[in-house]
């Protein structure tokens, strides 16, 4: 089965970030995203069921170049002040051409 | 700690697919699956909270051969008409022997 | 973008395990965890919506040494009697230094 | 009251106002929506309450009066998917799959439209027959099967066998709660009903208001699709209900229903399913575009019926019965 | 009324009918179930309402009358886990862990069975004492601890220390809502109760009906396990409640309870926990097979008590009290 | 009744008892909490019911009487964020961002505190004016905007433009349900209200009790933060409400409100938002520590107002109006 090697970026952070983060991801050019609800605990304490909301877990499939731009955005805008964690995983995607932006230039 | 290298297949798609997809996976011989709820946005537009249902996120641990058969099924039956995305990740599984089908023949 | 190679451990198991498992993980020294709800089916049958609760899916980012200790704990304490599955994935983490315990000694 | 007065009164009913509030919520681009489980909980409550009350009233109904209405209801279940398919396929030039998919929605019925019609008829003093919820359960599934059968004949089956499909529709949430509620309602008698009615009867209209608020939100979420579905479907979403509604009022009157009963039967015929039909259609006719059927059912026909259609069907029933 | 008439009337009560509807839902292989949060919401509502009403009624109860019933309740909490363990281990040949795990369920109590018994007794005119919910809170935890202690002595402890276990059971949902509700109910007085009773009292039986519908579904989900648990456990799930129920009726009568009160105490003794006991057991005796205890409690004993057991215990109490 | 008697009676009200039970739940380290969707469902129900009832009562209100109260409410919306900021920044030495963030909470209003004040005033016979919910909608947003504007001027904007912020607050859940409910309530008239009031009115106080139980749990979850927020904030969480409450009672009396109305306006001024303010603040002033504002609003000021503040404001209003 033909698959394309791409990068899966996973971002876990406070729920209030969901909407601006997704807007920012799509502004950077991701072809889609998947969001699920989560709870968690990290350096900023337990994040669970409190009134302002739980965590969200956002996944987006991108190519290496876009992954880098997303990480740069996160590091600059979100990491300093928000409870957020992000990582990338190497994956193989079926019909992966869909997720690679058309060659520029 | 002894682990076995296997493949994790993740499928994200419209909720209406959950039941037939899981039936199809088990018919192909997966040893189990994990399902969680998700929302998302992709080439087929925003999928969130509308009446026919959200997305589901299905994970199954398989060996390479089974992964290929699953991808082939998805490409043939589901990709043409449904909002669905699938990828594979290389993982190391504890007690991984459980997920390898007994040698055939 | 500078990232750190680390290990993502994912544990899927019966909901009743969530609390003791998370306590055990933090006792072993993880810097955090993320939990989401799931349903599933495995060698111990369908686990869905029954009164004692669904499955949970716990993720924790750790270094290789800690990953090993976690797997050892799971194999010893949880695998013999509980419905639980665990695997590790190689990931790249932004601001990954946060998740590496300070050098001992 | 003139039709104008009735329409004005209907516009200020809690149901229409709550729907309007839901639409406004999205027009002002608010992120508000009901949690998914609350929406499900309300729909379970409403359907089960409908069934229980219908069952309780069925014990008081005269069974002579029911045979005719049952027959015309089944007739409507066979005719409405065919008229819908014909109009969409031949006048509207929709593909076979799309025409069949939309026809499956219009051949079935919307329980909330049914409830709105019951509430409306009661409020203008035309109390419908007690066995109307029984008719509702008869109208839900035939239309879906007939329309999808046409689709499958023309474009081939999707993932699901017709046995699976039949099973799915007959054992879906709506059928379980309505038919089950009816049976429980019949069996539990006066004493049972008086025990559970403070929960299932007194709260009904308030719970309905909250549910309709969310339906307004969900319908408004689809408003931006209106442009994509095209003018023909827009006209279909208003014209087809009018045709089916008048047909329902005529057949209902013919079968001996009161003005209230004929109004409700008309609204049932005119309404389009958006709960049972969508998943059944999605799996059986995967090449059909679900945007068409959902937008037409939910964002056009549902509000049309609730705001204008039901009062019109009532007027038609009045005329037909010479009152 | 004869036992036959009472049984027939009970079969047509909303509770039994809703349970049957839930079972039928699964027998026709419907996918329908209540959303998880609705199920939780209903159980929270029911337990808290039970506590509040119990607290309110406690303020009217004569405290002379309560000492005896408290003592026999605690006695039942000590005896029923022991009889259950003995029968399972020595007659049934279950392993130590399995016998102790199942005994933990039968030594504790099912709040829904309690409610069903209250409803039944009231409906046949044998109104139970106002302090019965107080007894319910006393019966929940001793049986779990005694049975699990036996298990731990025989097979060694699992993950959880006995302190943790005690804490978990005493601070679980049931205890917080029941004991907390009782206290709030006692303290808030007549004025407080009249403010909250339209929510917590009028809606109670209807909400219970919806909850029991889901219990029927969940019980039916386990029906296919009946074959795996074996004939002995099937007999145990019917015979043990009968024994404990008669014991409860005898002790209740001895302690001065009315026919209604003795019936409810009997049902409590006869019932098996499926909310507090399962997680406690799972962590303390991990080698026990949870299928046994859950299937017996939920798919055998619960329906047996609700359909047949409670009317029988009522007859026994009538006989004992010579009425 | 003396203040002492009133305080004692208030302590035994269902609201205060339920809050206390919630706190105790956490003190005994129970894991119990309401499912997230139940909590949301209750808050949606309460806000919409409040709006509907307010709208219904607005149709009976004399509109001469409303102009003055509207003006003083808007004045309170401008003054309370400024006093809060000044005290925190200059007396408390908080950073600009933290002072502005906390001030955004205290400049806005807590709907539950409002409801508690309405319930209290009615129960002591001082029925507030029917237009109080209208005032509630006016007080929610100005304070947030003023405080956050100060913060942005001093430390620069976060992620969100001021247009986005304004939009987010004005279209949040509270505003949609309250303002929307008010409009629906006004428009649907007597007939509409009598249809929906069994759901939205009779159940109100009971549903509130359940909601407050969870608020007690959530507040207690923050109790361990009390040490981290420091003594100054503890004093602020009690002292600032007292100052704003007295100011509210004075201005309300001056504007012609009854004792009941002045009490409720005082409680509104004294209360701190924990629904609309937190997310708005988090995105606009990301460097502010959310622990400060949430702990002060939820774990200090909310219980203070419900237990002691409201009876005190009532006494103040009595004194001011010479009764």
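So that you can tell them apart, the chains are marked A, B, C, D, E and F in the order they are listed, and the count of residues begins at 1 in each.
Quick note on the criterion: a residue touches a chain if its C-beta (ideal position, glycine included) is under 8 Å from a C-beta of that chain, and two chains touch if they have at least 3 such contacts.
This one's a predicted model, so the numbers in the text were calculated from it and none came from an experiment.
Touching chain A and chain F at once is no chain at all.
Touch-path distance (fewest steps) from chain A to chain D is 2.
Chain pair with the larger contact count among C-E and A-B is A-B, by C-beta pairs in contact.
Chain C and chain D, compared by their mean Cα positions, are separated by 47 Å.
Our note on geometry: chain D versus chain E, Cα centroid distance of 41 Å, whole angstroms. Note: centroid distance chain B to chain C, computed from Cα atoms, is 20 Å. Under the contact definition stated at the top, the residues of chain C that touch 2 or more other chains are 36-37, 89-90.
In chain D, the residues that touch at least two other chains are 31, 35-37, 41, 202-203.
Contacts between chains, counted with the stated touch criterion, involve the pairs A-B, A-C, A-F, B-C, B-D, C-E, D-E, D-F, E-F. Chain contact summary for the complex, chain E toward chain C: residues 33, 36, 158-160, 218, 221-222, 274-275, 278-279, 282-283, 286-287, 290, 294, 298.
Partner chain E is touched in their complex by these residues of chain C: 14, 16, 20, 49-54, 77, 80-82. Residue ranges of chain D in contact with chain E, taken from their complex: 35-37, 40-41, 44-45, 48, 167, 170-173, 176-177, 180, 183-184, 187-189, 191-192, 195-200, 202-203.
Interface residues of chain D facing chain F in the complex, by the touch rule stated above, are 12-14, 17-18, 21, 24-25, 28-32, 34-38, 41, 119, 123, 202-207, 209-210, 213.
Residues of chain C that touch chain A in their complex: 1, 3, 6, 8, 22, 26, 31-37, 61, 89-96, 98.
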